[in-house]
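Shared between the two complexes below is chain A, which pairs with chain B and chain C, respectively.
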Partner chain A sequence: MTDAAHTMSRRQLIRHSAWFGAAVGLAVVGGEVISHIAGTADAARVQGRPTLRFAQVSDSHIGFTGKANSNVASSFSQAIDRINDLGYPPDFVIHTGDLTHLATPDQFDQVKQMMTGLRTPHVFTVPGEHDSVDDAGQKYRSAFGAGTRGDGWYSFDIAGVHVIALVNTLNLKKLGHLGADQLDFIAKDVAALSSDTPVIVFSHIPLFAMYPDWGWGTDDAAQALSNLRRFSSVTCLNGHVHQVFSKTEGNVTFYSGTTTAYPLPHPGDGPAPKPVTLPAGKLHDALGIREVSYTKGQNALALKERTLQ
Partner chain B sequence: MPGRHQGARVVLLAVLLLAGCSSSPQSQPAPSVTFGSGATTPGMPGMSGMPPMPGASASAPAPATGSPAAVAGDAVSIDNMAFVPATLTVRAGSTVTWTNHDEEPHTVAASDGSFHSPGMGLQGTYSHTFPTAGKFDYICSIHPFMHATVVVTQ
Partner chain C sequence: MTSAGLVTRIGIALALAVTGVSHAYLYIHGYRHIPTIGTAFLLQASVSFAFAALILLGGPAWLRWAGAMLAGGSLVAFGLSRTVGLFGFSEQGWQPSPHAALSAVAEVLTVALWLAYLIGRRFGRPDTRSA
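Let's look at the complex of A and B:
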């Protein structure tokens, strides 16, 4: 399945009748969707506490008002409850951007206040383009930028895993953009790491070309990823596209996460990525959170997609 | 590397050693975090970290509003994530008004940086006066695949 994704061009991938399932194995087990790439299914079955386990939540769009979701605060609150009900406290929770819908101070206050209810030692964020609508991310950094570098990027090490949080939603021309300063930061940040260090990268916009016509890609991602070629395990997690998707390119696996607010169309389905209004009762099946775990000795991370339903 | 990081490294090492020899993995402490990118800690504590941060209020978000009054003049409509018309030609001194008809918010951001609207919610508007002739390409900074042009003639 993964090999098929490797050999297909983007156009072929899009034409593929089972496009959504082409690059990621999806198994529904007891109401939860478990995604894995070839050869990693066992990782989810390892007994005991993983070396690292965390949760991803994304695209809460606090402040959105529209028929696609009449109460985004309520669904984000349910997502927080879902994380708190995992049965263990995640080592950290990452919000991969579009915390707010229009980057107003009130919206930043509200989402920050809500996230203090997450039962975890650390809450990390990266900004989405909705968090930097008209000020190049100044209000975002006022709320969430403490301790970060440059325009809000940073890195940390936890349980032997190196984590890099990137900002690719500023200075947009068409696609996501990292910029020279951030590329320089990445090069220096990983320079001293041994090649067997697992690396996890967070960004809002995908670092792979998921659908460039809608801006679902990052124009200088190849330069960033060139610094990560030598590592045996590289995992990139993003939001922005409001749907689960996965792709492997060489040593790097990309995982797009879903949203807690409203779905967007599948790539190329319609003229533009406008919010999709689902039939009554179907919305919460499209919303969710993601569990991620890493067990020392395994190259691939284990992911579980959990809907809000 | 500042000395304050050494303690965290020792804790991290202890966690890894525990991971290697413990027979009851469920009882292990959460792994610690070592930051390399800043003088202070990025992110924020969750509930099981430190007490909630003071100062953040839980007030409801204000509805998005654009410029209240649409100025008479040339108009661009934003429909289905597109600027209509894609190219608008006006005389120097004209005021152009954009109106967003999408649920999604949009902005109007000149490629040369000469104007940049706030986020416009549904029915939000923004106006800009073009005093001099020229060709002004612009995008929506939230959806930069949306692009259009205002041509200003003398």
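Let's look at the complex of A and C:
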């Protein structure tokens, strides 16, 4: 093939540029139309504000000392400020575990006092394995267990949504574990609910197999989830893994939340999930809170991740 | 353009439109709330529609190449989301049904038709419209 065959005339260049411009223009218009349809669908369902709005905060590890974060109390305080600055008071705030690093009375006292600064009508918690390092969660339940059942699990209804808070950090071998009593509780708890009731489940350790080699999963979660398969919308929120991750399995969507303390490696990066020390100035990009809203008539919850930066 | 070339062009355009519709549907029905993935779905859908329309209108060959690359990229992303995860997002099997299967088949078809077009051009009569 000659050089001439590869040479583009001015007319050809103009023609190709026009096609390229048309492609960009059409893509922009298409994106606008799709966004508009999505926005219209939202507006048709939303009357004033979402049915339920809450915030998730996780893995504050109050008491942690290390290079990965030299002041976890300050980070947690910033997370509380971030929630208070959302522009509206969330219906509740859920802390999905590892409130403390070593489950000492002082650490529980500190985190409890700090959370009184949250401007919300309700603060809920589930324990992490760090909250029950030496006493099977007794100190945790003394601080946060009022009104719970068994080893600290509970459920409640709010704005037409059924919320279940689970404890899968006791009786740990490698993976999280719920146990027979809690599985029985879940079965009875949802038995009377109609299948169109939106269900939200909180736990510390993921209820899906995010990375079982590091214990990032719950060995008897399948039994728990079998009771929830009939519901049209099931959303499971967890902490533990210190990073945002999501997974869908049919009608069940799992969302792992980030931390306010220090990042952990991505699954399989390295031999074990040890705290990651980030370059100076980068830590707060990895820390954050999550804003969650539910609008009646929609199956999916809307999530917004907010960094502490 | 030969009749085979015309059929290939229309086939690529339709397949791109199908994957665009699937991605747009999923975006509107919840995926827009998933960080990064939502934006990626919107981008995939809008660019697919644009390529489909312009290919149908007889756009140059590079549009078919770009369409095939988009479809191939979407297939890779689909594979990643079913294995190691993509931007912290993963799904199982052919969920959500039927859109996962529909878009995967359309994307495979897009790449296959583009390859057929290339082979046809190499061994058949040159497509004068592609210059």
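As a working rule, the second predicted complex is superposed on the first by the 261 of 309 C-alpha atoms of A that agree within 3 Å, B and C clash if a C-alpha of one lies under 4 Å from a C-alpha of the other, contacts with A are read in each partner's own complex, and residues count from 1 in each chain.
Note that in this section contacts are C-beta pairs under 8 Å (C-beta built on N, C-alpha and C of every residue); 3 or more make two chains touch, one makes a residue touch a chain.
This one's a predicted model, so the numbers in the text were calculated from it and none came from an experiment.
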First, second, both or neither for A:S203, with chain B first and chain C second: neither
Partner chain in contact with A:T96 - chain B first, chain C second, else both or neither: neither
Which of chain B and chain C A:Q298 touches, first, second, both or neither: second
First (chain B), second (chain C), both or neither touched by A:S60: neither
Contacts of A:Q113 with chain B and chain C, given as first, second, both or neither: first
Dominant toucher of chain A (residue count), chain B or chain C: B
Footprint overlap on chain A, comparing chain B with chain C: none
In the complex, chain A residues that touch chain B: 48-49, 51-52, 62-63, 65-68, 89, 91-93, 100-104, 106-107, 109-110, 112-125, 129-130, 133-134, 144-149, 153-160, 165, 172-175, 185, 189, 213-215, 271-275, 296
Residues on chain C engaged by chain A in the complex (per definition of touch): 20, 24, 27-30, 32-35, 37, 42-43, 45-47, 49-51, 53-54, 59-60, 62-63, 66, 85, 88-92, 95-96, 131
Footprint of chain C on chain A - complex, ascending: 12, 15-16, 19, 22-31, 34-35, 37-38, 41, 243-250, 256, 267, 298-303, 305
Complex interface listing, chain B residues touching chain A: 12, 15-16, 19, 25-26, 28, 30-49, 52-53, 56-64, 80-82, 102-105, 107, 116-119, 121-122, 139, 141-145, 147
